[in-house]
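Two complexes, one shared chain (chain A), two partners (chain B, chain C).
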Partner chain A sequence: MEDTKLTMYHLYKEMLNNYLKSKSEHTLYSAQQFSKEMLEKDMSPEEVISLHKSVIQELQQMNNEAVTDFIDSFDILLEVMIGYGLAHREHLSLRDRQRQLESELTVAARMQQSLLPSGKIELNSVDFGVISVPAGKMSGDYYHYFIDEQGHIGAAVADVIGKGVPAAMCMSMIKYAIDSLPEQRLQPAALLENLNRVVARNIDDDMFITMIYGSYDPKAHRFHYSSAGHEPCLFYCAESDTFRELKTKGLVLGVSSKVRYEEYYQDLEPGDFIVLLSDGVTECRIEDEFIDIKQITQLLRKYKHLPAQLMVDQVFSELEKIQDFKLNDDFTLLILRRNV
Partner chain B sequence: MQVQTHVDINSEWGIVAARQAGRKLAREIGFGSVDQARITTAISELARNIYLYANKGQIHIEELTDSGRRGIKILAIDDGPGIKDVRRVMEDGFTTSGGLGAGLPGVKRLMDDFKIDSEVNSGTKITVIKWLR
Partner chain C sequence: MNLKVDIKEGNRETVVFLKGEVDVYTAPTLKESLYPLAEQKEKKIVVDLSNINYIDSTGLGIFIGALKATDKSNSTITICGANARVKRLFEITGLDEIIEIVSDQREEV
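The block that comes next holds the complex of A and B.
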């Protein structure tokens, strides 16, 4: 017998002896603890029965009582338990395979994170913050921002309809497509039109991507934006302390290769801010009911005194809490505020 | 001298006879009761496959010695229809939910070595070995 098996044998024998003598609940409790150890040591059900049988056999020799029939009955039990043993081993190998898949997914998720922009936007004129949290390991949301030498800012939020790995693969295509269109980075409509052509060529008919793209000119204090079927962005007016949805028209990306996108603009006064979000924000659920856009604006108002990054972090953690820490969809929230 | 047994499989009786022969030899070689039960189950499944899919065939059971190690080798041969897609049959499925019992992946798990040769329309040959530890 191997060492561990021998140890298990002795422990089991002692436990069984104790129980036969005392019939105490305490011993039953140690048996329960022991079963955890057996599982940890990958002992299969048939091995457990065989262990039991050999201990009984030894006890019989000591007691010198004729319980041979009783002992032999374990042969049947052993035979029956072989099937459970197979199921047990199968479970172990499926568990290993699952672990392997999980770790592959973790690596993929890390790669995906590295596709997101990482530099900070530090300007006196603009306060910028973004948070993106996947519902699972991989995200179907994407955000993008960049800043040119004149301080112009481009910012976008995209949402692949669907979740998990397929959506994540789609997302990486969006990233590279945007990277390949440097001239249009400050022209929302032109960028969406070009992006739409790439997406229409490259994805299946059953996949859709919505996107909102905006660019901010810090000298004119003007935010230009276009939308491809995306959630409307929100505009906060500091003077009147009100929120307004910025309505847009525009087909989702990938449906048809020739689509024109309209471009809109909104002027920002100091303290005004723009909120880009994915439907993971508006479709937060509390006890099966979608939250109201009013609840989101209330949260934004509650934290508007904070810097933009802290604002998005706080709004997320509060929404996460009221949903019992279960995200139904990927969540992305981006805020761009005019400082001066 | 090495022990060799041949059992013809063409009925449920043959399956039982193969089990019996396998268990006896396993015990003589020195396998413990758990391994005896595992070996017997493997033989049972191999014999049942022959009976169900090829109608008839043989199970050969013999003792093995290899550089001091002792073991048992079981050979299951039939000239039945053969297995079209061996890889699929060997896939780690969910034997607990299937109706075919332990199946071949189960047999593989119960034993140490597993080899399968199968040709469509000419038959299947499966060799399994378990070593004494």
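The block that comes next holds the complex of A and C.
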């Protein structure tokens, strides 16, 4: 680095001397070139001025026409600073452009937010909570819940490969595809098969979506569910105070339009709950270590006395702390508990 | 983390040795080497994952894309040597049902 500065000093001194002797246009032009070089070497404006100053000081010691030269020398300095001026203006225009993109993204993120359900599920029979936090502004995670006319609660968590804007655009496809399905209550397997056909037609070859969909019947206390290659959901059994992964089979959405999905069910006793999550939860990393499902269940157990919404909020805030508040992936956690 | 791709053309099969991580950053590297192979007619491709400790969903997408290409070119793709974590990913996503996964690994020549 010091070597670079020394070379620049000598080059600058030579150029300045040339100019003071000849006052030629040509030297002024070479100063512009020099300015580009200094920018490339990351020299700051202050460094340029200080370079100028030390050259002038040296010239003064051996030349008695110092004052005229001193004034003239600024012609060179001026030319040199032109490059900096240009860079500054470019920076300003990029900053404007960035602000514009930023605000477009904010509008898009708000629009995306409006695709998610906003009402709360307030029933005596179930306690419901959900949290979804994007890693950036836009999310590739999607969740959905609703109560159908028979009083069954449908709940879904989907995770689009990747994150950011492309994932978010894919996510809205899922939303519209679900909306366009017939009104009557769909069985989980049938719903996934319908969605899969839409996704397979509209997605790039190396994209896919994972999704888990379940429907809870509060009268029979039975949770029916199917999975399209999604992270298994968890079942908490209050009586034995244990967690268990609910194993499923099923290909991710978007690979082949002819896939059939299997349907499973789990009966819930009072206090039992189901946890749906996105792989952002299990892909949390602390340095190089992954958070495993045991750590998640420990956190869930720690807060299980809280209402479901507080529970998901607490689990998220602890995981965020462990990860130093840097979310690597979109994160979604949904809990459905049978009340007494 | 980087990804190293080594392709060994054999008489009966083409083995793709991968080393490192297949994630959102290295997925394009894998795509560049795997897709052209998958598009060739009647190829038997084996991807050796014994030196891969992590694959993320973007990486998994590349395998899906390659699989779709082999369907069109009448080629096959097999995965071998995957560790437990990577294997679990193929199982959860149901890809183990459509991509052949064998546990042994290929000898590097």
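Going forward, the second predicted complex is superposed on the first by the 267 of 340 C-alpha atoms of A that agree within 3 Å, B and C clash if a C-alpha of one lies under 4 Å from a C-alpha of the other, contacts with A are read in each partner's own complex, and residues count from 1 in each chain.
What we mean here is this: contacts are C-beta pairs under 8 Å (C-beta built on N, C-alpha and C of every residue); 3 or more make two chains touch, one makes a residue touch a chain.
The model shown is predicted, which means the values in this text are computed figures rather than measured ones.
By the touch criterion defined above, A:D141 lies against neither chain B nor chain C after alignment on the C-alpha atoms of chain A.
Once chain A of one complex is fitted onto chain A of the other, the partner contacts of A:G83 are limited to chain B, with no touch recorded for chain C. Of the two partner chains placed by the overlay, only chain C lies in contact with A:T210; chain B stays clear of it. In the superposition on chain A, A:E263 makes contact with neither chain B nor chain C. Judged by the touch definition given at the top, the superposed model places A:D272 against neither chain B nor chain C. Contacts of A:G250 after superposition: chain C is touched, whereas chain B is not reached.
Look at A:I161: by the touch rule set out above, it reaches chain C but stays clear of chain B.
In the superposition on chain A, contact of A:E231 is made with chain C only, not with chain B. Once the two complexes are overlaid on the shared chain, A:D127 sits clear of chain B and of chain C alike.
Shared contact residues on chain A (touching chain B in one structure, chain C in the other): none found.
Contacts from chain A toward chain C in the complex involve residues 159, 161-162, 204-208, 210, 228-232, 249-252, 255-256, 279, 283.
Here chain B touches chain A in the complex through residues 32-34, 37-38, 40-41, 92, 94-96, 101-102, 105-106, 109-110, 133, going by the rule given at the top.
For chain A in complex with chain B, the residues that touch the partner chain are 2, 46-47, 50, 53, 75, 78-79, 82-83, 85-87, 89-90, 93-94, 97.
Within the complex formed with chain A, the residues of chain C that make contact are 24, 31, 56-58, 60-62, 64-65, 67-69, 92-95, 97-98.
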